[in-house]
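First the structure, in the form of structure tokens, and then the observations on it.
Letters are used for the chains, namely A, B, C and D, taken in the order the chains are written, and counting of residues starts over at 1 for each.
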Amino acid sequence: MHVSTDILTWVAVVLTVGIFSFLWKDNPFYKFCEHLFVGISLGYFISLTWYNAVYPDLFRPLFVQPLSEVSLGNKLLFIIPLLLGLCYFCRFIPRVSWLVRFPMAFVLGWGAGVTIPAVLQTSIIRQMQGTFLTPGIFARWDVFLWAIISFVGVVCSVLYFFFSREHKGALKVASETGIVFLMVGFGASFGYTVMARMSLLIGRFQFLLRDWLGLIQ
Amino acid sequence: MKRTIPLAIVLTMGITMMVQFFVPHPVSVGYYDLTTRWIRIVGAFALVLGTGSFIMFHSDKVRRRRQGWYYSIISLVALVVTTVIGLGWGIRPGSILQNVIYANFLVPLNASMFAILAFYMASAAYRAFRARTKEAALLLIAAFIVMLGMVPIGASIWGKLPELAEWVLSVPNMAAKRAIIFGVALGGIATSLKVILGIERGWLGGGKQ
Amino acid sequence: MIPFLILLLAAGQTAPPETTAAVLAPPAPPVAVRAFDTPNDAGKSITLRWSAADTLARTWLIERTGPEGPKVIATSEPGETNYLDEEVKDRIRYTYRIAAVAGGDTVWSAPAAAVASTPQFFNTSRVNILIAMVIFFALVVYYIESAKKGKNLFVRRIAGLDAVEEAVGRATEMGKPIVYVPGLGSVADIATIASLNILGEVAKKVAQYDSALLVPNRDPIVYTVAREIVKESYTKAGRPDAFRQDSVFFVTSEQFAYAAAVDGLMVREKPATNFFLGMFWAESLVLAETGATTGAIQIAGTDSVFQLPFFITACDYTLIGEELYAASAYLSREPLLLGSLKGQDYGKMVILLTLVVGSALLLLSKVPALSFFSNILGFFSTR
Amino acid sequence: MKFFDALQRIDRRIIYIVMGLLVIFPLVKPLGLGVSSGPRARTLFDAVDSIPAGRTLLISVDFDPSSMPELYPMLAALMRHAFARDVKVLLCGLWVTGAGLADKAVTEIPPEYGKKYGDDVVYLGWKAGIDAVILGMGENIKNVFPTDYYGHPLDSLRMMNEVVRLRDIPMAVAISAGTPGYTDWLNFAQSRYGLRLGAGVTAVSAADAYPYLQTGQLTGLLAGMKGGAEYEVLVQKKDYSRAYMPAVAAMDSQSLAHVVIMLLVIVGNIAYFATRKRGA
């Protein structure tokens, strides 16, 4: 066992222990880590946003690059997002705070327009294509059985989300079958996620035991 | 003016972006690239809203000496220091921001929060994972199968367990996920359509009509 | 005999014969060489297709003849029988030919018919999406219109929603606040929009009962909207003076820093009720477990399938997937929301019907006489 | 029946401590429960094993420190496998936050096999733009990365004389925690340049990768810590490495943790039903 002498490792250890201490109870040490986390994360985000979006996409072409590289027309095109972005500042000026709606409208409208066909393509049409029963299922008994079960599962689970009728009679049977599938699906997700999170916890312990305490290799 | 122009912007952007999807012509591709870049820029400015609110919230707490106000100082100092380091020395690999702030502050904080989840899973498993109903029992059984099938110990209990776990994941689980996706997708499309047509106006803040 | 054959073959080709050292038979040139404008694209692209005539060829050479004269543009492996030339200009005619290469032999095919590349105005491979879009839009608009005309639209009871009123009342009795987390998504996410609608209803009840409300936010725009909505709800409930500026606030954009802060908030404020409605990722259980330890009633809802199991286990009531969307219609009884919910419901029925009928026909395509039904699947492929 | 009441109200901190100790214990003292490797890991292993000595394996480090426990063991095991067979390793990355991890691997692993930087291993670093980077590497790696991560011009690195573009590389493995990641390598490198591609992914995203295995677009897949452990075992079995196997050690903890969670559920349920029956 040889304890690390690297100051940065110690910082990481202190922060790790600070967060874990919340499991015991809320305490000043955790509050310190929590507030530090909040501040650093926002600062990190601001830096990334500046260097990954604002500077290369707006500031550099608009103010830094000479006209020989970016034509006047193109420069003028950058004025639009600049103005829209500046509208966000109006939120802090009560008289013109409604100007905030302009950039929001732009972002929302764009998002909605892009979403509709994209979702239809990936989540509806392509998923439907994958759900159809095809003659290929006759190849083997197990393939056939699983395909039928999957198909029934999809149909019944969709019926569970049918809100326009009271679930009575046949619809009740179908939606109850649907719930069975949904619950098995959630159980599977749970089991799967337990595995992933455990891996992360183990990773933290490996850090503490190896990088800090030097207890393992 | 305060409502009509935003609604007009939403309508124009929504419709042009939908049309764009079906048109492979270079003009349409160029329009997509241009607007995507604008969105990135405008989206970046939105951080102003958050940062403004953040500074006001915490400085207000400090000024009025609210409970735990000294912690707010930590948040504010952390924000200023990180931003200065980030903007001043850049974000490239090897920079102070990446090598010190990211690797030794953000990563352990983040990973520890993530790892705490494992403990919460344990307590949730003990406290709330009850086979109260037959649905809950099903959830439990499926979770057990997958949890055991995923680790070596499962295979040593029963050789077929990994296979069974994979079956649960690929047959009933897949069916349930698909059903949810259909519903969620239709909901998303309907909402987007309502936003474009100006029927959904919650985002304007204040009054649905 | 063999050299003679080679000479004969080579004579038929336009390439210079390089057959002097050949001992083995030279490869046959590729056949059925076709060049055509790549469909459904932005132009500047020509697709080549050919078939191998024998198995001798080791590589293919591709030659393009344009205004600058002939030029070998690519070498490709023998298994490949198509090539995408993306170095052409639009509206200029090019001819192509392809050679089979083996040993020292290079044998050229006859040139393919001249072709020019153009951009297209409509992507025909996306017709299916357009059709689906039209059907679904029609359904949604139809039901919204009939809702506007005052038609009574039924929505089945959703377990958990009745608990909302009770939860708000409980907070008042206990004199404790309500924490409302509108998810971690952006304002473009439907779960967030649904959550903001529900927030409006909850805030109205909170204003009526005179309880306290805390809304921590992760997205700056969601924060702005949430603030307006809560303010509006207080006004609608006739208590505009009771709205506190700092009850809706922004925390940070970082996922786990946000979770850490909300955890702290719940432990310190000991809320009577927690709402977790909207988009959630891995932090769902961090929030729900911490909330549970403080003894709050918890109502959760999300459309994120990976987080639902955690909410289902750790919370008292959970809105599953679409139930979250339905909830905002159910609570507000707003005709517009109800109408659109109907539209979605019948959209799902269209999908189910298509799946059942389509599957039946596809299975029938096993019968040789009905094999044309197998084309159905092709209709659902998109690019 | 007081026992069950007490059991029902057990302090959650006791659960946390039990859980924590049981996860730590096997890390310090491995139980040796054994890891058997599945077909997906073996496919990848065989593919890497068939790269001729002297050729190059490309590894794309597309993850950041937060998924390090799951993915870093894969990177280490792959590099050990390559070096043991005298295959050269070229590293690059699509994640800016992954640079430190690749750097760590390049400093720590090659010396174990007496391999030298520049001759047997090169780390190109990170460049902005995803498709542009991959497509550019397809044409000429030097155009995208004029220098490596450490600032050496590529011409000065002997290994880079033989590796000019993606076509000179027989196989690549993308270790990715999300997007950008192996899907970008599939879309831009695999389909265009016919690059043979294997992938390493986090456990949560493994299911998304299965379809690509079925279609043969991916040659082998390592999923999560278990995938890393399977690969470590394969590498050790052929005697390519005797290094500490972090993922294998972690699998003991993982097994134990899963068992603990299940026991907690069972005990919790017994207590619940015992107290309920009495109440009814």
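Annotations for the structure displayed:
We adopt the following convention: a contact is a pair of C-beta atoms (placed from the backbone, for glycine too) under 8 Å apart; a residue touches a chain by one contact, two chains touch by 3 or more.
Only a predicted model underlies this, so the values are computations on that prediction, with no experimental measurement involved.
When each chain is reduced to the mean of its CA atoms, the one lying nearest the mean of all protein CA atoms is A.
The pair of chains sharing the greatest count of C-beta contacts is A-B. When each chain is reduced to the average of its Cα atoms, C sits farthest from chain D. Between chain B and chain D the centroid-to-centroid distance comes to 24 Å (mean Cα coordinates, whole Å).
Distance from the chain A centre to the chain B centre is 3 Å, each centre being the mean of its Cα atoms. Centre to centre, using the average C-alpha position, chain B and chain C are separated by 15 Å. Averaging C-alpha coordinates per chain places the centre of chain A 21 Å away from that of chain D.
For chain C, the set of residues that touch two or more other chains comprises 126, 129, 133, 136, 187, 221, 224-225, 251-254, 256-257, 260, 268, 282, 305-306, 309-310, 312-313, 320-322, 348, 351. Each of the following residues of chain D touches two or more other chains: 12, 16, 20, 23, 66, 203-204, 226, 254, 257-258, 261.
In chain A, the residues that reach two or more other chains under the touch definition are 19, 22-23, 31, 33-34, 37-42, 44-45, 52, 91, 100, 104, 107-108, 111-112, 115-117, 120, 124, 131, 151, 154, 158, 161, 182, 185-187, 189-190, 192-195, 197-198, 200-201, 203-204. By the touch criterion stated above, chain D contacts chain B in their complex at residues 10, 12, 15-16, 19-20, 23, 33-36, 38, 64-66, 96-97, 99-100, 125-126, 149, 203, 207, 210, 226, 251, 254-255, 257-262, 264-265, 267-269, 272. Across the complex, chain B is touched by residues 40-43, 119-123, 126, 129-130, 133, 136-137, 140-141, 144, 187, 190, 193-194, 196-197, 200, 219-221, 223-225, 227-229, 231-232, 246, 249-254, 256-257, 259-260, 268, 282-283, 285-286, 288-290, 292, 303, 305, 309-310, 312-314, 320-322, 325, 334, 336, 340, 343-344, 347-348, 351 of chain C. Only residues 91-94, 98-99, 102-103, 107, 110-111, 114, 118-119, 121-123, 125-127, 129-131, 140, 144, 147-148, 150-156, 162, 169-170 of chain B touch chain D when the two sit together in their complex.
On the chain D side of its complex with chain A, the touching residues are 13, 16, 20, 23-24, 27-28, 66, 68-70, 128, 202-204, 224-226, 244, 246, 249-250, 253-254, 257-258, 261. On chain B, the positions that touch chain A within their shared complex are 2-3, 5-7, 9-18, 20-22, 34-35, 37-52, 54, 68, 71-72, 74-83, 85-87, 90-91, 97, 100-109, 111-119, 121, 135-136, 138-147, 150-151, 165, 167-169, 171-186, 188-189, 191-193, 195-196, 203-204.
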